[in-house]
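First up is the structure itself, then whatever we jot down about it.
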Amino acid sequence: MDKRALLGAYRKMSRIRAFEDRLHEENATGDIPGFIHLYSGQEAIAVGVCENLDDTDHIGSTHRGHGHCIAKGCDVHGMMAEIFGKLDGLCHGKGGSMHIADLSVGMLGANAIVGGAPPLAIGAALSAKTLRNGGVAASFTGDGGSNQGTAFEAMNMAVVLQLPVVFVVENNGYGEATGTDYAVGTSDIAGRAAAFGMPAVKVDGTDFFAVHEAAREAVERARAGGGPTTIEASANRFYGHFEGDAQLYRTPEQVAELRATQDPLQIFRGKVDRRKVTAREFDEVDEESRALVDDAVAKARAAEYPPIEHLLTDVYVSF
Amino acid sequence: MTTSKKTYREAVKEALAQEMARDETVVQIGEDLRGGQAGTNPKLEEEKIEAFGGVLGVTKGLWSEFGSERVIDTPITESAIIGMAAGAALTGLRPVAELMFMDFFGVCYDALYNQAAKFRYMFGGKARTPMVVRGMIGAGFSAAAQHSQSPYHVFASVPGLKVVAPSNAHDAKGLLIQAIREDDPVVFCEHKTLYDTKAEVPDEPYSIPLGVANYTRQGTDVTVIALSAMVGAANDAADRLAAEGISVEVVDPRTVSPLDEEGILESAAATGRVVVVDESAARCGFGHDVVSLIATRAFDSLRAPVELVTPPHTPVPFSPKLEKAWLPDSARIEAAIRKLVAS
Amino acid sequence: MTTSKKTYREAVKEALAQEMARDETVVQIGEDLRGGQAGTNPKLEEEKIEAFGGVLGVTKGLWSEFGSERVIDTPITESAIIGMAAGAALTGLRPVAELMFMDFFGVCYDALYNQAAKFRYMFGGKARTPMVVRGMIGAGFSAAAQHSQSPYHVFASVPGLKVVAPSNAHDAKGLLIQAIREDDPVVFCEHKTLYDTKAEVPDEPYSIPLGVANYTRQGTDVTVIALSAMVGAANDAADRLAAEGISVEVVDPRTVSPLDEEGILESAAATGRVVVVDESAARCGFGHDVVSLIATRAFDSLRAPVELVTPPHTPVPFSPKLEKAWLPDSARIEAAIRKLVAS
Amino acid sequence: MDKRALLGAYRKMSRIRAFEDRLHEENATGDIPGFIHLYSGQEAIAVGVCENLDDTDHIGSTHRGHGHCIAKGCDVHGMMAEIFGKLDGLCHGKGGSMHIADLSVGMLGANAIVGGAPPLAIGAALSAKTLRNGGVAASFTGDGGSNQGTAFEAMNMAVVLQLPVVFVVENNGYGEATGTDYAVGTSDIAGRAAAFGMPAVKVDGTDFFAVHEAAREAVERARAGGGPTTIEASANRFYGHFEGDAQLYRTPEQVAELRATQDPLQIFRGKVDRRKVTAREFDEVDEESRALVDDAVAKARAAEYPPIEHLLTDVYVSF
C-alpha cells in the first residue's frame, strides 16, 4: 500500500477511535438519548473491509455501527448530529445511533436487530448481480449474531445463488455479557460458515493488514462472480457492551491489558515502516480526528432538534 | 382496451408478467416459482417447462418467459427471502417476493415489519423500499390452522407497510400492477378460494390506486363493509335480500392500508346501518378497526350499533364442517343485515 | 400479609423467584438472564454473581439462587428460545422465556403464534402449553423504532394466547405469578418506563386472575380505558380534572386477552362518555378493539362518540421531542376528556 | 435383532406403506379434505429411528408426518379418522393430516411449518434433561427444511446446552419440486451439521438396519448426557410432494426405477435371513397391515364429523 492509502486507512481508524472515545465522554453527560454501543478496539475490521469497497458497494451493519459508518464514508458531522437526535443528523434525528444510514455511500443502516444485516446484504448483492453493475455487498455481524437463523439462511442463500457478498463476523469474544465460547457451540465460526459451502477464513481483526488482505481476496472473488466468502475477524471491544455496562464478565485489569496490547491503531502504526509514515504524521492524523470530532460535537450540541411536524413525514413515499 | 374472462390466478400472473416486461428491475423471488432445479428431468430445462410455477400454479410461465435471473427460485428460507427482497429493494431492484402462505410470516416477520417497513422513516426519508410480498390468505380449503389465516390486520398495524387484499380478478390485476409500482413495501394478499373465480379483465396493463374503496353494489338501507373473499359472501346475501326489497350497499375497501376512510364513512353516514365483515380475527382485527372508524367518526349518523361479523376466537379447524362454521358466510351476513333493518 | 414498597422490576423478579421456589418445573430461558458464561472473570462463578441478570437487571439474583439448570442462558437465538420453551411446555416444564424487547418477536413469531398458541386446539384438546414469554414494551426511552414497540395487539389477536400488560408493581407481581400458573401460553408485557416505579407490594406470593379489569379510580363523568404505562398518564389527567370537578373513572383492563368485557362495558354504560387510550397502534390496534367492543355493545348508553387516543401511524422516532410527541400523554388524554365533557 | 424385534420393525414399516398407499387411493375419491403428503419410500427412516425410542421419548415431525406417527406408536384408526376430519380422530378432527399428534406416545405433532420441529424437539430434550427422566427427543426435518433458520438455531442451542436430541434430516432429494443439490448450498447436510459442533453421520435411509444402528448410537449418546447428533438419512419419496403433484421434476420411469430398486421394505426383507423370518411371515404382516388399514378406512368413513359446538372448545385450558 502506498503512503496515501496507508494514511487514508489510518485516518478512518483514527476517526472511529476519536468518535467513540468522545461519545463515551459525551454519554456520561446524559445528553445523548437512547442506547450507545461503541466500536473502539474493532477499528481494523470495519476499515480493513471497507477500504476494498467503493460507493456503489453496500454494507449492512449492526447495533455497534459507528465504525462501519465511518469506514464506509458516512459524514462524521451528520453521524454525531444523528446520535444527539438533531435535525442535521444523517437521518434527521429519526434513527439515532442504532439506525444511522447513508444510502448515498452504500451504508444500509446500523441495525438494532441482531442478525438483521445478513439478509439485507444478500439483497444488495442480488441487486448488484442482477443489474450487473459489478457491486459487492458486505454484511457485518457479531459473534453473537452469528448464531441467528437469519445469518445462517443468508449464508445458504448466498451460496445457492452465488451472490457477490462477504459475510464479516466480528468476533469480539462476547455477545452482551456472554462469551463466544459459550454461545457458539462450535467455537469455530469460520469453520461453520465453510460448511455452508463457501470459502471462509479467520483473521486477526486487530491487524488492519490481515483483514484488508482477506477482504481483498473475498471482494475480488465476489466481483468476479465467484460467490460469497466468510471472514471471521477477532478483536476486542474496549468499552462495555453498551454505555453503562459494568463489565462484570471481565476484570478492569483484563481490559487494560487489551487496550495495551491489542490496540488496532497501535498495531497498525507498528506495522508501517517509519520511513513511509512517521510517528508524527500519524499523530497529526489523530489530532485532525479529534479536532473533527470536537467540531462535530460542538455543532451537534448547538444544532436544532427536528420540528414536531417531522413526526409525521417520511413514513411512506406516497400514501 | 380489449378484455377477456380471466381467473384471479391468471390476473395475478398477467400483472406480474406485464410489470416484468415493462420494468427490468422487477424480479420474482420465492420457493418453486419455477420448480425443478436440480431435478432429474432434463426435459424441463430443454423445453423450458416449469415443474411447479408456484405451488398453486400462479407463476407458471414466468420463468420460461423471463429466465432464471428474474424468476429466482430459492431454498425454503423465508427470512432470507424477505430480507433479501428488502435489501434488493433498497439498492435498485423492485422485487416481488412470494411467501406462499401468508401464515408463514411468523418465520420471517422481522425483515418485513422491523426492516422494510421502517427504513424510510428511520433513515429520515432517504430510503425507498419498493417491494411486494405476495401470499395466500384465507380459510375454506381445509388447510387447517397453519395454512388458513388472514393476518392482514397485523400488517396493516405497521406504519410503513401498505396492505392489499383484492376480492376479484379485475381488482387483483390492477392492484397488483399498482403495488409493484409503489415505492413503498406492499403486502399483497391473495385469497386462495378466489383463484378460480373469473371476471372480465382488461388485457392491457392498468392500475388501480391504493386507498380507494369500490362500491361493488349501491344501496340505501344497510352498508356492508367487506374485504377479499367476504365481498362475494356479502353480495350473495345482498342478492337474496334484494328480492325482499332490502337495499344493501356493499363496499369493498380493497386495500387495508391505506384505508379509504372517506369512502367507508360516506356510505355509513348515508345508510346509518352498517355491517362489517372480516375474516382476519375476532380480537384486534381489521373489522374492529373499521368499526372503530365508523363509531368514532360517523357516530351521529348511526341508527343502530354496527354489526361486526368475524370468525370466532379460535384457530381455523381442519374438519370441513367446523371450518365452514368458522368462516363468516352469507347466511351470517344476511342475519346481521336483517337484525339492523329490524332495529 | 406483610407488604413493602417495591419497584416494578423487583416485583417481577419476586414473582419469578417465588414461583421457581414453589414449582420445580418453572425454568427461566433467555439471553444474559445470568450473563458472564465463558467470560474471563473467574470471580463470578466462585462468588455466584450474575454478570448481567437480564439486560436491565430484572433477573438478577435468580441464577445465584436457582443455578444454571433452572436459569438457562442461551445464545442470541430467539426462534430456538421460544420454540424450545414451547416444546418444553408440552413435555413437563413450565418455562418462562424472556424475549428481552418484545419488538424481537419478528424473528421468532412462528413458535409463538403457529405452534404454542395452536397446539391445544390442533391436537383436539390433548395438549397443554404452560409457558410465559416475558419482554419489554413501550416507547419513552429513546430506544428508537426497533426497541420501543408495544405489539400486544398482535398477540391478542391470536386465539390460544393470553396477553398481560401490568401498569404497576402490585399488578406486575400478582399477574406474573398467575401467568406462570396458567396452563396456556401467556405473553407478559413489561413496560420499560415502569421498571423504576414503586408500589406497595405484598411480600408473600399472590395472584391476580387474568381477565379482571381494575378500576384504578372511580368517577361518574367520563370513563378512560387505559393499559400499561397509559394508566399513569390517564390518572394524571384525571387528577388535574378532579380539581375542576370533572369526575373521571380510569379502568385498567390489565390483560388484553382475556379481556374483561363486562368490566369495561359497565363503566362505559355508567358514564356514557369514553376515552380509550392505547400505545399499541394507530391502525388495527388494541384501542380499536376496545372502541369496537363499546360501540357494538354499549351503543345505546353512549352520549358521544368514543374518543380514541393512540400514537400516530408512524414508527417510533428516536429524537426525544419527536418521541414525546409520538407517545400519548396526559395532556392528550385530558383534551379528549374535555372534549367529551363539552359534548 | 431377534425375530420379534425384526417383525416388530417390519410391521411398522408395512403399516406405513399400507396406510400411505391406501391414502393415495382414498384421496383420489375426493373425500379427504386438505393437503396430503405421503411417506412411502422413507419408511426405514421413521421406523429405524423410533425403534430406539419409547413412550417417554418425544419426536417432532413435519408436514409429511404419517410415517413418524405410526413409527412412534400412534393409533392407526385414530390417524385415519383424523385425516378424514372425523370426531374419532386423534385430534377430534381439528388438526388433520398436517397436525396429527399424540402426546401420550410422545408424538409432538406433525407440523405444517417447514422447520417447525427442531425447536420443539430441543424443548422436549430440555424437559428430559431438566427433569432427569432419561428421555431423548428426535426431530425430523426434510432436506428442504434443513435450510431453515429454525433448524440451524436449534442445532446450535442443542450443542450449547448439550441436550439429549437427535436431529434426523430426511434427504429425499426434493423440497417440493426443487432438488436438494440446488437448495442446499453445500450438498453435504451432515457435514454442515457437524460444523455446528456435534457428531453427524450420513446413512442410507432405505436401509432400516443402517438407520437403526446410527440412531441407536445417537440415542445412547444422548441418554448418557453426550449431547446431540445429526443423522442425514437418504431415501426417496415414491409419490409426489403432495397428492396432486404432477412430478414434472422427474420422469415416471425414474419413479418406477426407484420403486423397483430403493424400496425400504424389500431391502429389509432382503437383509433378513430367510431362516429367521420367512417370506411368508413377511407377507402375513403385509396382509395384516392392509387389513388394519382397510378397517381404519371403513371406520373412518363411517364415523361422525365433530359436532359444531366443538368449534369453540379447546382453544384454552381456561379462559
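Order as written gives the chain letters A, B, C and D; numbering starts at 1 within each chain.
The rule we apply is simple: contacts are C-beta pairs under 8 Å (C-beta built on N, C-alpha and C of every residue); 3 or more make two chains touch, one makes a residue touch a chain.
Small disclaimer: the values here were computed from a predicted structure and weren't measured.
Looking at chain B and chain D, the chains in contact with each of them are A, C.
Across the assembly, the mean Cα position most removed from that of chain B is the one of A. The centroid of the Cα atoms in chain A and the matching centroid in chain C are 35 Å apart. Chain C and chain D have Cα centroids lying 39 Å from one another. In whole angstrom, the spacing between the mean C-alpha positions of chain A and chain D is 45. Residues of chain D in contact with two or more other chains: 91, 93-95, 99, 111, 113, 147-150, 153, 156-157, 160, 182-185, 315. Each of residues 74-75, 77, 79-80, 103-104, 106-107, 110-111, 114, 121-122, 144-146, 159-160, 312-315, 317-318 in chain C touches at least two other chains. If you draw each protein chain as a dot and join the dots that touch, every dot ends up joined to every other dot. Within the complex formed with chain D, the chain C residues making contact are 25, 27, 69-70, 72, 74-75, 77, 79-93, 95, 110-111, 114-115, 119-128, 159-160, 162, 182-184, 211, 258. By the touch rule above, chain B contacts chain D in their complex via residues 31-32, 35-41, 43-44, 49-52, 55, 73-80, 103-104, 106-107, 141-147, 312-315, 317-322, 325-326. Those residues of chain B lying in contact with chain C across their complex are 79, 103-107, 109-114, 117-118, 121-122, 144-146, 153-154, 156-160, 256-257, 259, 280-289, 291-297, 299-300, 302, 304-308, 312-315, 317-318. Of all residues in chain D, only 33-35, 85-86, 91, 93-96, 98-99, 111-115, 144-145, 147-150, 174-185, 248-251, 254, 305-306, 308, 310-312, 315 touch chain B in the complex they form.
Against chain A, in their complex, chain D makes its touches with residues 147-150, 152-153, 155-160, 182-188, 191-192, 194-198.
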